[in-house]
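Quick heads-up: structures coming right below.
Both complexes below contain chain A, partnered by chain B and then by chain C.
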Partner chain A sequence: MISFKAFLRGWDHFFYKRTDASALCIFRIMFGFFLFLNGISLVEDFQVWYGIGDNALIPLHDSLNFYSNFRINVYRWLSPTETSAWMVLIAYITTSVFVMVGFKTRISTIICFILMVSMQNRNYSILNSGDTLMRCMLFLMMFAPTHVKYSVDAYLSEKKGLPYRTDISLLTIRLMQLQFSLVYLATTLFKLKGYDWVDGTAVYYTSRLVNFQRIVLPFVFDFPFLIKFATWSALFIEFAMGSLVWIKEFRLPVLFAGLLLHLGIEVSMSIGFFEWVMIAAYILFLEPKEVKWLQQCLPQIVRRQLRTASSNFF
Partner chain B sequence: MKRLTKYFLNTLILMYLGIIYFTGVPETNTLNSRVKQKAMNVAFAVGIWPSWSMFAPNPIKFDSKSFVEVTYKNGDIKEYDVEVEPKGILAPFRKARWMKYSQDNLRNPSQRALLNPAIQYFRKKYENKTNPIVSLQIKRKWAEVHPFSDQSIPSIYKTPRVQKNEVLITKKMED
Partner chain C sequence: MSRVRKIFISGFIILNFLSMIRVHLPMGNKIVSQIYQPVDSYLSFFSLFQSWTMFAPDPSRANVHLSAEVEFMDGTKDTYFFPRASTMNLEDKFAFGERYRVISDVIRKDQNDFLWIDTAKFALRKLRANNYHKIPLKVNLVRHWNEISDVESNFVPHLSKNTNFNSYEFFTYEVL
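Take a look at the complex of A and B:
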C-alpha cells in the first residue's frame, strides 16, 4: 500500500519536476500556425457566420440571448456593427501570428483565447471537435511558459542580456497531456456505450459517408474482417492513448499507432483541424532527448529528400 | 516554491482535473450527472466546455444535406444547396463548418431555433426585385447506408442507399 507521504512525493515529481522547454515551444509554433489557419479560413465566410443582421445565418442579438448562463463574449460589449465584427477576427488572426512567433506571447495567448471563445459563443452551429480541442488547449497555453525558447520574446530578452531559464516546471505540459488523454478516454467510453463500435461495424458506416469522404481507399473496407479489424484497432488505439501512453514501455509504440490512426483518418475523411492539432500535440509526450533527436534528424531528412527531389526534377 | 503557493496550485490542478473529467466523460450514475451539470456551468463560464463524443455512441448511418426551395411570383421554383462548395487550400476547413451547420445542426430537432434566421438569410440571398419570392422552404434529403452484413458487404463504390426527404420549415412571404 502506498503511503500518503509517498503519494505527495509522486505528485510533486509528476507535476513540478523541471524539464527542457523545447517540446512546449515547438508545440506553440505548430499550434499558433493552426490558430492562424483557422482565422484565415474564416475570412471568406465571415459575413455568413459572424455578420450583422440578415447577412448572417444567426443574427447577433439571437446569439447573445441564446445562453442563460454566463459566457465569455466580447460581442456583448462591442457596438453591433460590421466593423467591430471584423475587428474581432482581425485581432484574432494578429494574436495567433504573435502566438506562433512568440511575440508578447503571454498577453497574445490570453487575448487570442478570449476572442476564440467569443467567436465560438457567437456561432455555436459550426463548431466541430477541432474547434473544441483548440479552445481547450489555448486555455492551458495561457498559463504555460511557451515563450522561453524559439520566440521573438526570447530573442529580445537575450539581446538585453537577460536570457530566460529554459528548464521549466512540467506542470502545464502535464495538464496538456492529461487533457489529451482524457479526450481519447472520453471518446472511447462514449463509443463503448453504443453497439456499432463494440460489434466491429462502425468503420463500415463511417467509410461509406460520402459527405465525409476525401480519398476512397479501394478494397480495404470491402471485407467484413478488415472492417472489424479497423474498427476494433481504432477503439483500442484510442483507449491506449488515454491509458497505456502513461506507461514508459508502451509510450512510443502507442504514440506511433496514434499517429498512424490520425494520418489514416486525415487521408480518408474530412474533419477540420482535429487530426492536425492531435498530431502536433504528440510532441508534448516526448522526452527531451527524443525531441533533440527529432530536431537533429528531421532537418537532415527533409534536406536529403529535397536534394533527391531536385536532382530528379532537373 | 513556497508551501502556500504549492497548496494553492494543487487545489487549482484538482479543480481543473475534476472539471475536465466530469464534463468530458459520459455520465454513469445520478451523482455523476449532478456533478456534471455543475461542472458544465463552470466550464461554459471559463471557456473549456468539451464535446468529445466523436462518431459516438454510434456513427451516423446516412448522408444528409439541406436544401432551400424558393418559389417565385411567376411560378418558378428553384432549389439551392445550403452549403457552399469551398475551393482552395483551406477548403477542407471551410467545408467542415458548412457540413456541421447544414448536415448536423440545421436538420436537428433540438436546433429548431436556427430555422427562422436561416429563412431570413436565404430570403435576402435569393431575392429578386422584379420577381419576388412567394414562399421559401428548407428541407433535408438524406440517404441511409445499406446495413452491414457478415455474409457479404457491398463495395464502397456501390453501397445501396435509401433516399428520404423531410421538410424542415415552410414560410409564405408577406407582400
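Take a look at the complex of A and C:
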C-alpha cells in the first residue's frame, strides 16, 4: 500500500520536477514548422474548403448549422466575406511562423490555436489524424513555457538584461507525453478489437489502399511472412510507445523502433502531417543530456554529409 | 510554487486526464455520462475530441472514389470526378491529396447524408463553365469502389492497379 503522502510526493516529482527547456523549445520550432506547412498546404484549395462564394464545397451558413455546438469558431463573429475567410488563413500562417521562431510566443500560440480550431470547425469533413494531433498538442502548448530558449522572445529578453529561467517545470511536457502515449495506446486497443491486426494481415490491406500509396518499397508488401512481420511489429511498437516508453530501461529502444515505424509509414503511405508531428514529439521523451548530445552531434553529421556530398559533386 | 497555484494546476491536470479518458473509453452508462457532463462541455468548447481509429479495428477493404453525373434538359449528361489522391503526383498527394481522400470517405457514408445536397450543388457549379447554356435537371452522386481481394484466396501484388470499379448512385438532387 502507498501512503497519501508518498502519493503526493510521487505526483510532485512526476509533474513538478524541474528540467531543462531545450527539448520543449526544439519541439516548438519543429511543431511550428509543421503548423506553417499545414497552413501553406491549405492555400491551393482554400476556396473549396473554406471559401464563402460559389467555389466552397460546404457553404459557410450550412457548416455553421451542421456543427452548431458550443465551440470556438471565429467565423461566427466575422462578416461572411472572402476577405475575412482569407484573413483567417493568413493570420493562422503568420502566427504559426511566430510560434516557430518564438516571437510573442504565448499569445501567438493561443491565437494560432483559436484560428486552427475555427478552420477545423468550419470544415470538419476534411480532417485527418494529423489535424487532430496538431489540435491537441497545440492546446497543451498554450500552457507551456516554449519561449524560454531558441526564440526571438528569449533573445530580446536577454538583450534587455532579463534572461529567462531555462529550467522549467515538467508539467506541460508530461501532459504532452501522456497525450502522445494515449494516441498509441488507444489505437492499439482499437486494433486489437479487429481480426486483421491479430491474424497479421492488416498491412496487406492498408498497403493496397490506392489513395494512401506513396513510394514502392521492394519486397516488403509482396510476401505474406513480411506482411505478418510488419503488421505485428507495428502493433507491438504502438503498444510499447503507449506503455514501455515510460520504463527507463526500454525508453530509448522503444523510441528508436517508433522512429523507424513512422519513417517506414511516411515513405510508403501518405497520411498528411501525422507521422512528422509524432516524430517531432519524440524529443519530449529525451533526457536533457540526450538532447544536448543530439544538439552537438547532429550539426557535425550534417556538416560532414554536406562536405562529402559537395566533394563528390565537384 | 505556491500551494494555491499548485492545487489549481493539479486540478487542470486532473481535468485533462478525465477528458483524455472520456474520449477514449466507451461510456454509455447514464450516471457516468451525467458525471462527465462538465468535461464534455470543456471538450466541445476547445474541440478536444480525438479518435485514433485509423485502420482500426480493421483496415478498409475497398478503394473508393466519387463522381457526380449531371443530367441536362436537352438529354445530355456530364460527369464531375472528385479529385483522387491515387491519381495525383507525389507533391500534390502530400500537400492536399489526403484532404480529398478524407472528404470522399466522409461523403460516401450514409450517416453524413446532410452533406449530399451541398456536394451535388458543388459538382453542378464545377460543370457550369462547360455547360453554361444548358438547363440542369438533376445531379446523381455516385460511389465507385473495388474490393481488395482476400489475402488467402487471391493475393494481389503490391501496387497492381485494379481499374474495374462497381458503381452505385447513392443520391439524386433534383435541380428543377
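Here are some notes:
In the analysis below, the second predicted complex is superposed on the first by the 312 of 314 C-alpha atoms of A that agree within 3 Å, B and C clash if a C-alpha of one lies under 4 Å from a C-alpha of the other, contacts with A are read in each partner's own complex, and residues count from 1 in each chain.
We adopt the following convention: a residue touches a chain if its C-beta (ideal position, glycine included) is under 8 Å from a C-beta of that chain, and two chains touch if they have at least 3 such contacts.
Bear in mind that the values here come from a model prediction, so they are computed numbers and not experimental data.
Clashing of chain B with chain C is the outcome of superposition onto chain A. In the superposition on chain A, A:L171 contacts both chain B and chain C. Once the two complexes are laid over each other on the shared chain, residue contacts for A:T308 go to neither chain B nor chain C. When both complexes are overlaid on chain A, the residue A:Q295 reaches neither chain B nor chain C.
Legend: residue contacts after superposition of the two complexes on their common chain; A:T81 is shown touching neither chain B nor chain C.
In the superposed model, A:F66 makes contact with both chain B and chain C.
Residue overlap on chain A between its contacts with chain B in one complex and with chain C in the other: 11, 15-16, 41, 44-45, 49, 54-59, 62, 66, 69-72, 117, 125-130, 132, 135-136, 139, 171, 175, 178-179, 182-183, 185-187, 190-197, 201-202, 204-212, 214, 216-217, 221-222, 224, 227, 270-272. In the complex of the two chains, the chain A residues touching chain B come out as 11, 15-16, 37-38, 40-41, 44-45, 48-49, 54-59, 62, 66-67, 69-72, 113, 117, 125-130, 132, 135-136, 139, 171, 175, 178-179, 182-183, 185-187, 189-197, 201-202, 204-212, 214, 216-218, 221-224, 227, 270-274.
For chain C in complex with chain A, the residues that touch the partner chain are 1, 6, 9-10, 12-13, 16-17, 20, 24, 41, 44-48, 50-61, 63, 65, 84-86, 90, 93-99, 101-103, 106-107, 112, 114-115, 118-119, 122, 125, 148, 151, 155-159, 161.
Here chain B touches chain A in the complex through residues 1, 6, 9-10, 13, 16-17, 20-21, 24-26, 41, 44-61, 63-65, 84, 86, 90, 92-101, 103, 105-106, 111, 113-114, 117-118, 120-121, 123-124, 143, 145, 148-150, 152-153, 155-157, 159, going by the rule given at the top.
Residues 11, 15-16, 41-42, 44-45, 49, 54-59, 62, 66, 69-72, 117, 120-121, 125-130, 132-133, 135-136, 139, 143, 169, 171, 175, 178-179, 182-183, 185-187, 190-197, 201-202, 204-217, 220-222, 224, 227, 270-272 of chain A are the ones touching chain C in the complex.
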